[in-house]
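Some structures are shown below for you to check.
Both complexes shown next keep chain A, but they swap its partner, so chain B is in the first and chain C is in the second.
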Partner chain A sequence: MSSSLQQIGQIGRLTFLEAVRQRFFNFLVLLALALIGGAGFFRQFDFGPQELAFTANFGLGSMVFFGAILAVVVTAQLFFSEIENRTALTLLAKPVRRWSFIAGKLLGVALLMLVFVALLTALLGGYLWWRQGQLIAIRHQLFLAGRATTEFPDYLRVHFDGLAVNALLQWLKFVVLAAITMVVASFSNTNMYTVAVSFFIYLICQLQYIARDAWANVESPVLQNLIWLLGVVFPNFQLYSVGEMLVFTTKTPVPAGAVLAAIGYSVVYILVFYALAVFSFLSREI
Partner chain B sequence: MSTPAIRIQHLTKDFRLGLRGVKLRAVDDLSFEVADNQVLGLLGPNGSGKSTTMKVILGLLEPTLGKCEIFGMPSDSVPARRLVGYLPESPYFYRFLTGRELVGYYAGICGISRAERPKRVADVLELVGLSAAADRRVGTYSKGMLQRIGLAQAVVHDPRLVILDEPTAGVDPIGAQAISELIRELKRRGKTVLLCSHLLAQVEDVCDHLVILNQGRLVAQGAVGDLLQREGLSNLAVENFTPAMRAEIEAVLARHGARLRHVDPARVALDRLFLEKIGTPEEQKRGTP
Partner chain C sequence: MTIDRTSWWWRRGRAGLVIFASLFAAGIAAEPLQNAAWKEVRARQPELKLQDLSDNLSQGMLLGVFGGFRAVLADFVWLQGYHYWEQRDRPDLEAMIYLASTLDPRLVTFWDDGSHEIAYDIPAWAYRDATLTPAQQQAAYAQGKILFGQRAIGFLERGLQFHPGNYQLLMDEALIYQDENGLHDLPHAAEKWREAATAADSPFFAGRLYIRLLLQMGKKREAYDYLHNKLYPTLPADAGDAQKGVLWDWMVALEQVLKIPHDDRPQYAPPPGWKPDPDLDNLPELSGGSP
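So, the complex of A and B:
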């Protein structure tokens, strides 16, 4: 068991090193960083007291958008580069179990997504911290001059611990998405097919709440069971769309129990999709 | 009698093609054994089932029928694969790693401890003649160097059985000679080698035994000397041969009921001539052909 864990660690480390050398990863990271860094230019527009909320939403949106692309494309690329270059052949001819290979690949992608989320969160957090300091000072001056009735309001202040929790949730969502992509890659023959199908599943996961709402009142037990099944098979990615609620104090703050439940929900789906990927990969002829 | 390195019994492998699942039989009722410390050449035209057979031996494919054992263990078991080293055809490795890092990675995968790894890696790099290029990135290696680093990763965990798939594909005669020498060195070290190559001169040069496949079936197997020997014929190599000598020899042979079939000028193999003119790998290193 310990040798399998060591192998998973080594495969994961090499997968991560391979991924960070990919132009696609570097391009997306730079683009996302540029967008978040460029959010400062929105100061040219007068958003008033909502400036921080707008910037935070823009940064979190960039993270979600580019992170989803990265999780799908890089997972598919890293898997198929091993198959097409036949490095998987060399590796699996050694005393490596197929479940260790899939776990190592997934670990490498999880590390990559961790770096991606950490980088973007650090930049966004740093910018929000700096800009919040400026806005508080300006508001304080206005308050002292009698041109504002209150100091900078609490509900507009950034909660950096909430930003960190959001980063954790987004990372888990990306790992779930990577695990879904790994399931598709384990039986598909091409990179393109894997990417296309994985994005389609991502859309289903992202939008399944619409189907749930639309069909909430159906009376047919068959349809009800079908909707229930869809809700179980595909994880509900709307659960992770709580960035704004975590970063800013709202009337309905996210309870700690809900965050823990989301973490558990993610871990269960990661394990289930990992098991499916292993099951499918076991019968794959390399 | 010791356990054979490889024992294949009634191996059949079918592939299902297309949506209708049309059956393609790649290997058909194949049985053979490879004794310990033997160098076996697995020959056959393209599509004869060599690669499928090798993949079954490596545990990468499951047989449809029959079984395959390595030193008495099922070939797809992890303990069996600890005993096997494999060099794939036209190997491709992680280009961003140096040769030393690459071999170290595979050593780690094979369970060699962190403390033991540097020495083991240095030893195999020395064995394949890549010590000088060990800290260069694999992406900068020539075709011959890639084959040699592939061989290094195959033997880094000191396996008892080494499987080489076209180890000289695309390699110049000097590189091919170096790889032949490495195969002989592996045999001297007590390893069993399964060599799959289209370079028949090399197979004849380094192998003890041959297995020849065609259309998934075994068509010949045995010791190289036995298979290549022509029944009832012998060769003589004579220096300063003259027509008068020939007449006398023919008379002697006739008295014994034998017959001289033909007299040809002795020829040297082309690869031998090339190496004589260019120099062996050792001579190349010294700069003296």
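So, the complex of A and C:
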């Protein structure tokens, strides 16, 4: 067992190193960092105290958008590079089990996504912290001069703990998405097919809540059952759209129980998609 | 009939069935977790009506909206609105304001700034219209102030559905109603000032402006009752911007004007350090109107 864990750790480490050397990863990270870093550009539009909310929305959106692309494309690339370069053959000829190989690959991608999410969150958090300090000071001066009625409102302050919780949830979502991509890659023959199908599944997962909402209002029993099935079979990625709710004060904050449920939900799906990728990969001819 | 277990169809069919069955079982097993989280997340997401968006968004953007990029797309739409504002393109600016606030009604800025643009900026563009004579510009401006004032009020009412009791939006409404060049609907303005003054986190000046408006409308008794029953006793003594000394002056002046019997006057003491203001320069409204 310990040797299997070592193998997984080793494959994971190598996968991670290979991924961070990829131009695609570096390009996306730089692009996302530039977008968040460039959020200061919006200051010229004078959003007043809500500037922070605007910047946070922009940063969180960049993370979700580029993270999803990265999770799908890098997972597919890393998997198929092993197949196309025949390194998978060499690796699996040694006493490395296929489930260890998949687990190692998934671990590598999970580490990569962790770095991505941590980098973007740190930059966004740093910017928001710096800018919030400035806005509080400006507002304080205005308040003392009698030109503002109140100090900087509490409800517009950034919750940095919420930002960290959001980062955790986004990371889990990306790992679920990487595991989905791994399932598709385990039976498909080309990188392109894997990327296309995975994005399609991602889209369904993002939109399945509409079907869930509509389910109760559909009259046709056949259609109703189909919609219900759709809602059951695909994970609900809208659970992770809580960034703004966690980062800023809302009348009713998201309870910790809901966050824990979302974490548990992610763990269940990571394990299920991992098991399915292993099942599919076991019967694959390399 | 024998089944060829090595055939592509058999292998793929079996794999597909296993995957489907596993996902179905996982979905059922994870349902309690999903419901626990989704119930909370859904309750905090503002409603979105497809018909509100489909006229203004491309299919790709619609997909982005429903796919979890609502807030970011709302921001981009709002920025696009700035472009139209610079171009003084009224129809497109209004469309962007409505669209951004529909996409993400949680941002008070959209309602606050949007209402200012509708009520104040758009009518003022009449003066930039070189095709009109100065008299026509003046007429278009006056007409626009009424029309767009009403639109801004409707817009703010929608905003208040998402932000009930938000003092900023209530004050926006009050100012638009009060605008001498626009709606100049003082009863409605007074109602909104009263709501704003009692809203959570409201600035102290909202209550003062409500009283001044009541005085302007000649409702001295109502102003006095509000001042000594509702406003003055609730203000903190240590907050400078509460201006309790000024309010005490107003109260004393109103008691004299309204000839309030001594026994009916409030029994509380004036604020510490208070000195009477004999001229009452800060309340010109007191000189006009009737009790």
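Keep in mind that, in the parts below, the second predicted complex is superposed on the first by the 279 of 286 C-alpha atoms of A that agree within 3 Å, B and C clash if a C-alpha of one lies under 4 Å from a C-alpha of the other, contacts with A are read in each partner's own complex, and residues count from 1 in each chain.
The working rule: contacts are C-beta pairs under 8 Å (C-beta built on N, C-alpha and C of every residue); 3 or more make two chains touch, one makes a residue touch a chain.
Keep in mind that this is a model prediction, so the values were computed, not measured.
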Examine A:14 and indicate which partner it touches, taking first as chain B and second as chain C; both and neither are also allowed.
first
First, second, both or neither for A:286, with chain B first and chain C second
first
Pick one for A:6: touches chain B only (first), chain C only (second), both, or neither.
first
Touching partner for A:90 - first (chain B), second (chain C), both, neither
first
First (chain B), second (chain C), both or neither touched by A:150
second
Please indicate which partner A:262 is in contact with in the superposed arrangement: first for chain B, second for chain C, both, or neither.
second
See if chain A has more residues touched by chain B or by chain C, and give me that chain.
C
Check: chain A residues flagged as touching chain B and also chain C none
Chain C partner contacts - residues on chain A that touch it in the complex
42, 45, 47-48, 50, 53-54, 57-58, 60-62, 64-65, 146, 149-150, 153, 155, 183, 187, 203, 206-207, 209-210, 212, 229, 231-245, 250, 252, 254-255, 257-259, 261-262, 264-265, 268-269, 272, 275-276, 279-280, 283
Using the touch definition from the top, list the residues of chain A that touch chain B in their complex.
3, 6-7, 10-11, 14, 17-18, 21, 85-87, 89-97, 285-286
The answer for chain B against chain A in the complex is residues 15, 55, 58-61, 78-79, 81-82, 84, 86, 88, 91-94, 96, 105-106, 108-111, 150, 153, 157, 163
Per the touch rule above, chain C residues touching chain A in the complex are 11-12, 15, 18-20, 22-24, 26-31, 33-34, 36-45, 63, 66-72, 74-75, 79, 82, 104, 106-109, 113, 201, 203-205, 241
